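Consider the two complexes below, in which chain A is the common component and chain B and chain C are the respective partners.
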Partner chain A sequence: MYTDCVIIGAGPAGLKAGQLLHSLGHKVCILEKEEIPGGKLNIWYELFPHNESADGILQQMLADINYPIRTSIIIDSISRNSKGFLLRDQNGDEYRSRALLIATGFKPFDARQKEEYGYGIFENVITSVELEKMFKENKITNSKGLVPKRIALIHCVGSRDIKVGSEFCSANCCITGIKQAIELKKMIPDLNIYCLYMDLRLGGRFFEDCYKDSQVHHKIQFIRGRLSETNENADQTIVLRYEDTLAGRPAKLTADMVVLLVGMQPDHSILKLLPDIDERVGSDGFFGNGRIDQADQNSDNDLFFAGSCTGPKSIIQSTDEASEVAFRVNKYLKKRLHTSIQDQYDGVWIQHP
Partner chain B sequence: MYTDCVIIGAGPAGLKAGQLLHSLGHKVCILEKEEIPGGKLNIWYELFPHNESADGILQQMLADINYPIRTSIIIDSISRNSKGFLLRDQNGDEYRSRALLIATGFKPFDARQKEEYGYGIFENVITSVELEKMFKENKITNSKGLVPKRIALIHCVGSRDIKVGSEFCSANCCITGIKQAIELKKMIPDLNIYCLYMDLRLGGRFFEDCYKDSQVHHKIQFIRGRLSETNENADQTIVLRYEDTLAGRPAKLTADMVVLLVGMQPDHSILKLLPDIDERVGSDGFFGNGRIDQADQNSDNDLFFAGSCTGPKSIIQSTDEASEVAFRVNKYLKKRLHTSIQDQYDGVWIQHP
Partner chain C sequence: MTEFGYNIHEDLMIDHDRPSPAFEAVLEKVPSISWCIACGSCTGTCICSDQTGSGFRKLVHFLRNGMYDKLKKTLAYCQFCGKCSLVCPRGINTRKAILEMKKYFNLYSNDIA
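On to the complex of A and B.
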């Protein structure tokens, strides 16, 4: 397949960039490793701060797609020459493109790395991603199939944690925790919910409103505390030991269920295929350099990055960035228009080892 | 003047949208009330988190402008009919456009509203905006013309403060405070700097790195505390009384200079001119509704908003959003292309009272 731009990843950023580049007349193709498009939109039930349906947003994004999105595609190799890219997938299919846009998103932090939190050991310790699945199924139950009475949400799991090598803030977990706490409370009105946080980072628009709502209307209890460890009682309830950092003393809490708000990690699965990529990975492991002056804008660069593969972002931030990047791709492609597509794909292809 | 889109405001969002719409072949004009373009880029010296020169970024944005930017324009009236907008400025000049993009930015919180902080009363209490002016002049001195030895930076001035009617977080002050603290320390190496914060909200990319750098290399001291009031000593130094919210007790600090990190407020100066605008202002006073599903995208809406007039944003977030909005303006304008410009501007003009 000959294209102007191959986009890897059919999440919010990839879909947005695809839609925009297509609307500008470019030949676009999205390659997606999962069976369905949507990326992380498929793991959320409702989205902060307005509780919009994630699936509704996705269906809206997919409604006016009229360019190819190929799903279940595993890319085996990416080669390039001065004229563009050649990608091969696991079926041997080839995709040639003038520009390549990486929109591979993030991966949720693997909570097993925080062994002391008990994930993968105690059945009633789950992640925020698993809680979303329960929301989708409209059924919140613990390991015994019972509706929980006390739930603790743990902020910053895999974020701002030098012990697991992630010093950055994932920026979206605080508001996700508040959103999930409110959703839980709406489903189970007599539930007691405790949020253990480091700082509450609610910089997004209307996030403070959610926070206030969670306290005033839903009586969610916020504890400034850092979890030390969890243990399981005989009845499979969980004992949490933490430091109350306002009171400056150790404390204890028992819950039927513990939800770990897992952070956003860089997904490096595409990294080994990308040529000359090292200089394009930041100290935090995400792509790009996060600079304002965007040196790429005026260069001959044909490799672009958008969405949460360039750092933790909300969905709006991802699609906003994808729009900015789509303009840069457009600018690059327009510069190349004087060369014919045939010219484009002649020459020697150098495959990254 | 006949245009496809008039943009009000030549800050980062307006300039970005202008550049993009122009690149797509639309006739654009930016109207700016100040004498020079750039908006708030003109008040900053360096930008977080990479300490890029604000003026350098602005010059880069202005370098490839080849459409009109009219400065020192005060808009007297905005009329509309079903076909577009008619704007008149203070000189009687008229601008007709199919679409109107508001990119009027924010205004810094007026620190005099927090009378107990002493701004406008004590000479050595200044704002973060005034500190930037000192950076530009490369001269940090107190009211006596002396180089300060102890400076306190106060976070959240006019943010998250129900008393002044601003319950939202301005999202950019924490990192601005850290940036300014580091800049101060680089200029005055033996300076003692104290940051009084509520929560440190550092969700942006590389912000945690700045925070770490400020502590490890620059020995900035962070105090989780809420300022109660300031008083002036006979020598014009400032006494700060605050509650140490970690220790849970009142505390006191003396400084040569106090810098108030003023929040981002909605700028309503354009509001009275805009037709049917009430439904487009959020509960926080910023334009738009911050929703993901962007109902506007599929409507006949010809009035658009971008940048920090839709809520507190960093410069990258503003220009990213401006890109997304530019695509929506483009989509709208393309739909209107079948009508001639003459048709466009016929009809009855209804001026907002």
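On to the complex of A and C.
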């Protein structure tokens, strides 16, 4: 397949960039490794801060797509020369493109790395991703199939933690926790919910409103202190130990269920296909340099990044960045329009292992 | 007495499982106490914090965690000047809350007959 731009990843960023590039008249193809498009939108039930349905947003995004999205594609190799890229998938299909946009997103932190929190050991310790699954099934139950009475939400799991190699703030877990606390309270009105936080980092628009709403209308209790360890009682309830840092004293709490708000980790699976982008990976593992990039600089660059592969982002931030990058791709493609299509694809391919 | 080589200390563990009936009672009268974000502006501005270390944030903390002895002691310092309510970024009705705390513990009465 001959295209102007191949986009890897059909999440919010990939879909947004694809839609814009297509409307600008470019031939676009999106490759997605999962069976359905949407990326992480498929794992969320409702989105912060307005509690919109994630599926509804995805359907809106997919509604005006009239270019190919190839799903269940595992890319085998990516070759490049001065004129563009050649991608091969596992079925032997080839995709040639003049520009390549990486929108591979993030992966949720593997909570097993924080062994002291008991994820994967105690049944009633779950992650925020698993809680979303419960929301989708409209059924919140603990390991015994009972509706919990006390739930603790743990902030900063896999964020701001040198012990797991993530010193950055994932930026979206605080608001996710508050959103989930409100959703839980709406589903189970007599539930007691405790949020254990270090700082509440609610920088986004309307996030503070969500926070105040959780305190004013839903009586969510916020305890300042980072969870130190969990232990399991005989009845499978979980005892949490931490310092109440406002009191300056050790504290404990028993919960029927503990939800770990897992952070966003860089997804490096594309790196083995594109080893020469190593230099464009930041110290935090995300792609790009995180600086204000002048659109006119690096105008010969044919490899672009958008979405949460360039750092922790909300969906709106991902699509905003994707729009901006789409216009940059457009500029690059227009610059090279003077050469004929056939000319574009001739040349020597350098294939990486 | 046998010497163990160490002293016995008071248990400082805060048990967040233990309910605080006083907190629930005051919360019902003054719902805004649940809005506290523990910023400490109240303590910074309090006219008696210099000498006593008291402040509205501490009162909420003592109330929520069932530390009633300390709460009663700290309540006695309040002169109801209302400066804490002026600086509170969350708009908590601090004077009303302190009054309700005093009422709950029978620390408020008009002794001039």
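In this text, the second predicted complex is superposed on the first by the 346 of 353 C-alpha atoms of A that agree within 3 Å, B and C clash if a C-alpha of one lies under 4 Å from a C-alpha of the other, contacts with A are read in each partner's own complex, and residues count from 1 in each chain.
Convention: a contact is a pair of C-beta atoms (placed from the backbone, for glycine too) under 8 Å apart; a residue touches a chain by one contact, two chains touch by 3 or more.
What you see is a predicted model; the values in this text were computed from it and never measured.
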item: Which of chain B and chain C A:Y194 touches, first, second, both or neither; value: second
item: First (chain B), second (chain C), both or neither touched by A:R291; value: first
item: Contacts of A:I75 with chain B and chain C, given as first, second, both or neither; value: neither
item: Contacts of A:R205 with chain B and chain C, given as first, second, both or neither; value: first
item: First (chain B), second (chain C), both or neither touched by A:R249; value: second
item: Shared chain A contacts, counted only where both chain B and chain C touch the same residue; value: 212, 246-247
item: Chain A-facing residues of chain B, complex; value: 16, 20, 23-24, 47, 49-50, 52, 56-57, 60, 160, 167-172, 199-209, 212, 245-248, 282-284, 286, 290-293, 310-312, 315-317, 319-321, 323-324, 326-327, 330-331
item: Complex interface listing, chain A residues touching chain C; value: 194, 212, 215-216, 219, 222-224, 244, 246-247, 249-254
item: Chain C residues within the chain A interface of the complex; value: 12-17, 31-32, 34-35, 37-38, 57, 61, 65, 90
